[in-house]
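Chain IDs A, B, C and D follow the sequence of writing; residue 1 opens each chain.
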Amino acid sequence: MSDLRTMARLVESGMRVALPVDYAGVSMAMTRPLIERGAGNLDLVCVPTGGLQVDMLIGAGLVRSVETSAMSLGEAGGAPRFNQAIKDGTILIRDATCPAIHAGLLAAQKGSPFVPMRGLIGTDVLKNRADWKVIDNPFEETADPIVLIPAIKPDVAIFHVPLADRHGNVWIGRRRELAAMAYASAMTLVTAERIVDESLLTDEITAAGTLPALYVTQVAEARHGARPYGLWGEYPADTQELLRYAREARTAEGFSAYMQTSAEAA
Amino acid sequence: MAPALPREILICTIARLLDGVRHVAVGASSPIPAAGAMLLRALKESEGAAPVKISILGSVEHNFFTNGSTELFDCAGQGRIDAFFLGGGQIDGHGNVNLVGVGDYPRSSVRWPGSFGAAYLYFVVPRVILFREEHTPRVFVDKVDFISAPGTSEPGVYRTGGPKALLTSKGLFSFDKEKAGFRLESVHPGHDLTEIQEATGFGFDHDAKPSQTPTPSPEVLSLLRGRVLDELSETYPEFAAQMRQTLTEREPVAS
Amino acid sequence: MSDLRTMARLVESGMRVALPVDYAGVSMAMTRPLIERGAGNLDLVCVPTGGLQVDMLIGAGLVRSVETSAMSLGEAGGAPRFNQAIKDGTILIRDATCPAIHAGLLAAQKGSPFVPMRGLIGTDVLKNRADWKVIDNPFEETADPIVLIPAIKPDVAIFHVPLADRHGNVWIGRRRELAAMAYASAMTLVTAERIVDESLLTDEITAAGTLPALYVTQVAEARHGARPYGLWGEYPADTQELLRYAREARTAEGFSAYMQTSAEAA
Amino acid sequence: MAPALPREILICTIARLLDGVRHVAVGASSPIPAAGAMLLRALKESEGAAPVKISILGSVEHNFFTNGSTELFDCAGQGRIDAFFLGGGQIDGHGNVNLVGVGDYPRSSVRWPGSFGAAYLYFVVPRVILFREEHTPRVFVDKVDFISAPGTSEPGVYRTGGPKALLTSKGLFSFDKEKAGFRLESVHPGHDLTEIQEATGFGFDHDAKPSQTPTPSPEVLSLLRGRVLDELSETYPEFAAQMRQTLTEREPVAS
């Protein structure tokens, strides 16, 4: 088992980092250790959308680019540091669409250079993605354009789960995008509410929802590690806290003050 | 019984637009579409008709997906989702939807969350209902600043889905794929054609005297205010409570 | 809930039928009802290899073609009716390789016309598959041939699981190829050891290993429905019975006699 | 202690060939490769070196995959499997493997099960060990009747894996990718070069006097006959029991 700071040290400048959607198990517990660690020029991949954690990393100046299908704080509205960075042009945005991000991770999972995807033709999403390609479907005799999404191979995936075991197996339940992230990534760092002794693979019932240790680089315990986001089957999101952040982080100063006070509170 | 609230007319209109679907997906923060889908489900059940499945995204209770957040898109690609709802910061007269922002991309002056799954789902879900309550010229524009998802596609582009209707707080439009444009089908009670024309930044077909959007029958209204509101309050407690309160406030006036 | 004969009636002549590998949950319980039903000219897709059930359907004369990565009775040796049919040229064989069959199902799952796959170049597997195509990877500047596997869209998938509920949800545990088969197929027919009242989706732990009813056309109860194959977590394979079949089914007459006697025993 | 059995020499040779791997996958009906992998794991553990992971396909107990039968191939494609074993009804001097049949495909006169995952794994697993105990000219042919998986690929073909060695009951060969051919590295005790040449349907490089395959040290043998045989009997009970019996029968003769 590891601790949060030890794990954060594995993240280096210029890495491509995959982070999950709000409700899937965001490792908010890793956000401050990552900011303390200070590895910058990160290329974030939101699987498939981003929120508070991404906004904080942007606010802390660690982010070079964001590939995402959306960025928001849900009920608390727009992501303030992201929106400001877009206006200022200080980060590169790679707008995607949810299934395209899943497709890129799937290609990496399969060891394939790309996978095809329907839709997208005629969108400005496609028009702004020079890294995607359109070919003519070779299985059709008449013209049939189809988009190819290249493999997304993150250097590291970071997420939070309810349960892990001492062997490094982690229980992801039906949030299988977490497995997809781990398959695609060179390293996977996991925080967990609880760490148990007995292997999650021993029992077929828990094994069905388990990501094997083979894909997990390090695990650290972190109670309420997703807060203020919720964790499925564990606790709900703290909407008031999200609203407070949304309000305070409207300015760079407000963001700094928020990070300061909530660091002291922690 | 209190007369139908404007939102109840929207919910009943959505139930009508969904008639015949087997499976409808609804966004996590879309209580009115969800209520429409739940109303249809209740109506079909009382008729003894084929059941209607509803997937509410992001909800733990109403999530019968078990393969992560990719399953909705896979399911749509397999043709197993008949209807879906899209909003849009901007929607133009050709059915193009902008979920990204206003101004010169990528440095948008107003930035919205982003395209989510629209750039795919709009292509593969047969019955996409565009739903936006705010009916103003800043939403309904002549040309969107960014195409998250296009209303129509050129011949040869694989497309099994697309816009079917556009529902706002003022009226209901149908979408004509051949003409790549909208037609005003009906005006909600309390609104008129001139008002809608002024609030819409694009041109659309319409009858000289468009009909009024039908108001629900007492039977439908009582189903909606009873069972459907109960179901709705499980997933959208605040919205359901608000609707209940409005109904209570109205009741004395109406009776 | 349904019964085996009612389910078998849904299978029609000329259908493409997906069947799982020996150890993943073969619905042996459906084999005889399928033979009784007599819908022929079936195109079988083995996911990714075939055994006893496929051999019996071939022996009964119901099979037009088999797409598979391998055919055998495991420890009991070669599949006798399959091997004879190959020698006689009475069935069309589409030799594949395991990940290509998974790739074809994945393409169908994604609603994509194909997915790419590494390997295969220079094999006689590829040479004999006119339905596969080789393109030059458009993401590489130098020549980089890559195989595209077209979507496999079975008309029906048939398999056996330990557990289902009255709502049509079926528990597949970590045998996720069963889910892949169902996603790809127009119909899915499932037999289950036990059928319970409470929804498998209510509990996050069982939900993680559950294929939702959305993909399941009909479910029927069948105790020991995989026998003589085993079922994971339930019972082991009956190797003696497999050996007996392998011995007796060497000839067409022996096969008929075997099917006769074991039908009387059942 | 009884001298090493021929199968024990094979097992120890496999452990040597696997030295340095982090993760090796073994087929369900491959007790000798599994024993070699388990021996390596035990040796590394006693040295305090980095652990060796072993995946035994089709085994419930030694299966730490949770994504169905596709996961092995995905895992290999991700570069997470360092070594794998392949047999073959026919293997030729260029390292081509035939798992399909003899004679004119598709109406093979002798039909074997089929290619399984070989047409993929041979390309992406860095260290593929060809293992076939039967060393006869009908197995080791000049040219296979059907290429399930080719020993080498043309330049430009994506290939991160391929054959590393060929191990039979008579000897050990290495594979030279540049020459696309085998070289006899060593001859097992009790066999000789002439015998191997007669039993092999293809030509191969060799020293004038090839060395003998090393026999295991007493320490390695006792690890093999103790812990490894115990572990092996969980997954391959019949094979382990048979080896135990052979050892018991030999013991009085040797002592």
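Note that a residue touches a chain if its C-beta (ideal position, glycine included) is under 8 Å from a C-beta of that chain, and two chains touch if they have at least 3 such contacts.
Quick caveat: nothing in here was measured; it's all calculated off a predicted structure.
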Chain pair with more C-beta contacts, A-D versus A-B
A-B
Taking the mean of the C-alpha atoms as each chain's centre, how many Å separate chain A from chain B?
29
Distance between chain B and chain D based on Cα centroids, please, to the nearest Å.
61
In angstrom, rounded to a whole number, how far apart do the mean CA points of chain A and chain C lie?
36
Round to the nearest whole Å and give the separation of the Cα centres of chain A and chain D.
41
Where does chain C touch two or more other chains at once, residue-wise?
110-112, 117-118, 144, 146, 174, 179, 207-209, 232-233
Can you tell me which residues of chain B touch two or more of the remaining chains?
65-67, 77, 124
Chains touching one another, given as label pairs in label order:
A-B, A-C, A-D, B-C, C-D
Of chain C, residues touching chain D in the complex:
21, 23-24, 47-49, 68-72, 74-75, 78-79, 82-83, 86-89, 92-93, 95-100, 102, 106, 117-126, 128, 142-146, 174-180, 232-233
Of all residues in chain B, which touch chain C in the complex?
23, 53, 64-67, 74-80, 124
Interfacial residue positions of chain A with respect to chain D in the complex:
108-112, 169, 179, 183-184, 201, 207-215
Where on chain B is chain A touching in the complex?
29, 58, 60, 65-70, 73, 77, 99-101, 105-109, 111-124, 146-150, 153-154, 156-158
Using the touch rule from the top, collect the residues of chain A that touch chain C in their complex.
103, 110-118, 133, 135, 137-140, 144, 146, 148, 150, 172-174, 204-209, 232-233
